[in-house]
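One chain, chain A, appears in both complexes that follow, with chain B as partner in the first and chain C in the second.
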Partner chain A sequence: MMSLHFQANYCVSASSSQTYPGITESTEEYKYVERLIPPSSVPTPPKHDQYPTPSGWRPPAAVPPALPYMVRRSRMHNVPVYSDITHGNRKMTIVRKIEGDIWALEKDLKDFLTHTSGTTPLMQVNEVNMSIRIKGSFDKDLKSWLLEKGF
Partner chain B sequence: MFRRSLSVCCRQIGKTFLSTLPEDVGLPSNLKLPPNLISTAKRERPSPVGSGLPVLRKCEIEIPPQLSAKQAWLESLKDDTLGLVELHPDVFAVPPRLDILHEVIVWQRNFKRISHAKVKTRAEVRGGGRKPWQQKGSGRARHGSIRSPLWRGGGIAHGPRGPTSYYYMLPMKVRVLGLKVALSTKLAQDYLHIIDSLEIPTPEPQYLLDLAKQRQWGESVLIVDVHEDMPENILKATANLKTINLMPVIGLNVYSMLKHETVLLTVDAVNFLEKKLLWHDHRYSPLYPFRLPYNDFP
Partner chain C sequence: MSISKSGAKSLDLLKKLPRISLVNLGPNPGAKKNEKRRGRGQHGGNRSGRGHKGERQRGNRPRLGFEGGQTPFYLVIPKYGYNEGHSRRPQYQPLTLNKLQYLIDLGRVDPSQPIDLTQLVNSRGVTIQPLKRDYGVHLVAEGAENFSAKVNIEVQMASELAIAAIEKNGGVITTSFYDPRSLCILCKPVPFFTRGQPIPKRMLPGEDLLPYYTDAKNRGYMAELAKIQEARMELARTYGYILPDITKEELFEMLSMRKGPRQIFFGLSPGWVVNMAEKKILKPTDERLISYYNSS
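Here is the complex of A and B:
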């Protein structure tokens, strides 16, 4: 009895397999995968109507300033001034990505910082890396100063 | 006083004696030049900037406004100079960081190194399980085994143990900067030449040797093209030559560039290098390894 019932079921599935629709490969849905794959390089920032943007970002000047040195932007298009802290209380500011006459920039930085803070801060010029390390935290002042210059 | 004047006199005598001898007396033997050497100083090529030849290749990637493209001669292995080529300054005019070149070359030599030196410790040397003589009473020094490091034939205490790997990876950006610095220094020292293609008229190795001598390329030449399938003539010519070598651009490395005196790059190789090396200047940090697909991977 049980075997007859089983055979009856099997017969039903065998008859429907004759109209098997087959497999169709479609690559049209791959576009939903493609738009999820991230880019590998940082895009150039779009042109805004008004500068500075709400976050305070400004692009570099179209014509580089006529100075003996140049400070390039970082890969995320920001001004390369960074703050460093060691021993929990020793604050320093670093200016990186300098090109050209680094000593002229050091002189200008010294003049600017003596003008703002009163005392002349200690500065270390690293000619191999083309960076300047300043004792004290002046990152906001230096960022705005470099932006005014047009870097 | 007499002793001091004597030492001063001896030094004076020594100086006058040495001045009569040839200059390389104090040099080691491998640095002494043979006396019959005819050394021809490398004649300086005219700078490509002032000449009126047309610029046959411009940079595809944007150059920053404060820098200008570097110009170089476009040569051919068959004929004379064809024209000028513009090279991107962020690849071919980078400041000469010799410390980075040193780091990259040391890395290239050491990261593949596996030293197989291995010596047996006192546990691995055959024998030495039994105490040779009793602790007290024999009159001799006390010992626990005949294979301790103190004994002749004993194990080595702190010797090299097994295959040791010296593998380490420098950051990707340091290796990329090393390539840029090597290319820039080769161009600055006039050891880099750009050629249009690798076609030569004969598969004779003597043709390339004569060409290298005539154009004063130096002792060794590294020829770089994009793909491995190069014209048959040049493959046959360089097959048995030790000093002139072919290389696809993916195999370009700082060690080979410094080992060979001159480097010849084809224009396609220059395009490839500029594209790949400049991508590192504005790429994100890898979200997942770069060997997996990205939207705009070069």
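Here is the complex of A and C:
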């Protein structure tokens, strides 16, 4: 008896009463909602007519260059050369995502940087991470050098 | 030398050395330095690095900033409200034209649809923190020389040169205001839709920002369209470029898309509830609700 009384109070009809205003459903405008959902992975860059693009980006060469090493692009399709700074004044450059003969790349980098800056910069080869850390800031030079190579 | 993926030389060396165990592991020479222990031995003992008598040895020096009785520096300088009301000042995250061009080139932002703050946040081009007094994004003209994309962009603030760069390339720029609640919803629409609340009305700007958004020079969303046309032509005259005619373009419909002053999302009106699980939109039918949500 008590349970029947309890249920009757909570029986609300789907059609409108004064307390619950009605609604209409539609699926036509749902395409506008789909535009708002963020993508779940990094999109591949579209094909352009001319490279470099107005912002200065270039894709990697279609055929990887015939060298004993390979430098892959980052997740966001950029050249993996980064600048690091410690103690506020110690500038370093890091080249990451290297594959293959890392010592050959180290030799080529040494030759290139000696040619451009005059002095031979100190370099640290990390064989476990497959990265090279260079003393001094050369990130713009190294990025353009790697792009010319076709990486 | 065979090409292996990682650590060629060091792995070869490791194969020839004896098995690694706690006995043969140790830090690099010079990596660990012993700590200074006071009160022990000839050099650490005697006065233990505390000096000779006085407050220094006895550990009774006065507080930081005390200058022996002279009025200290931190009291000589008078107070001034540099940071007063800092938590009530609107902040805008900068977005350079360089970054916008980069996002379009890499396909992270689609220029064939109107570019909104939601699109910029989804492409991770800007990070907006509405809870830290951010009121939106500020378009800045760095990289205006290399900018060449035709876009319909809506920002919260824009510099004059940025407006000129966008209009020169045949695009459309609008500045509009989002109150903090609407901005939260605009930046993260999916968590809002999962809450099951109806899309709220966007509030109008307060008296401080109203002159900015009613001015045609800033392409404010509350300015008159005729005045905006005049301002476009005047800007072209000032900066010396020919204003392209947008009406004769294929994407004219997309470029002329604009949100209503109380609308947060394109195509979705305030008052609607979005059901993402069943991909439906629920719209109210009650007249009072409709008149409330459609009123300006």
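We adopt the following convention: the second predicted complex is superposed on the first by the 126 of 151 C-alpha atoms of A that agree within 3 Å, B and C clash if a C-alpha of one lies under 4 Å from a C-alpha of the other, contacts with A are read in each partner's own complex, and residues count from 1 in each chain.
Keep in mind that, in the parts below, a residue touches a chain if its C-beta (ideal position, glycine included) is under 8 Å from a C-beta of that chain, and two chains touch if they have at least 3 such contacts.
Treat the numbers as computed from the prediction; the structure is a model and nothing was measured.
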Fit-or-clash call for chain B and chain C when the two complexes are aligned on chain A: fit
Touching partner for A:Tyr30 - first (chain B), second (chain C), both, neither: second
Chain C versus chain B, contacts on chain A by residue: C
Partner chain(s) touched by A:Arg75 [first = chain B, second = chain C, both, neither]: first
Partner chain(s) touched by A:Met130 [first = chain B, second = chain C, both, neither]: both
First (chain B), second (chain C), both or neither touched by A:Pro54: second
Which superposed partner A:Pro39 touches (first chain B, second chain C, both, neither): both
First (chain B), second (chain C), both or neither touched by A:Ala66: neither
Smallest separation in angstrom, by C-alpha atoms, between chain B and chain C in the superposition: 5
Residues of chain A contacting chain B in one complex and chain C in the other: 37-39, 42, 99, 128, 130
Touching residues (chain side chain A, partner chain B) in the complex: 37-42, 62-64, 70, 72, 75, 99, 128, 130
List of chain B residues in touch with chain A within their complex: 64-66, 95, 97, 99, 279, 281-284, 287, 290, 293-297
Complex contact set, residues of chain A against chain C: 16, 21-27, 29-33, 35-39, 42-46, 48, 53-57, 68, 76-77, 99-103, 127-128, 130
Chain C residues touching chain A - in the complex, by the definition given at the top: 1, 3, 5-11, 98, 101-102, 104-108, 113, 118, 121-122, 143, 146-149, 189-190, 193, 265-268, 272-274, 276, 279-286, 288-289
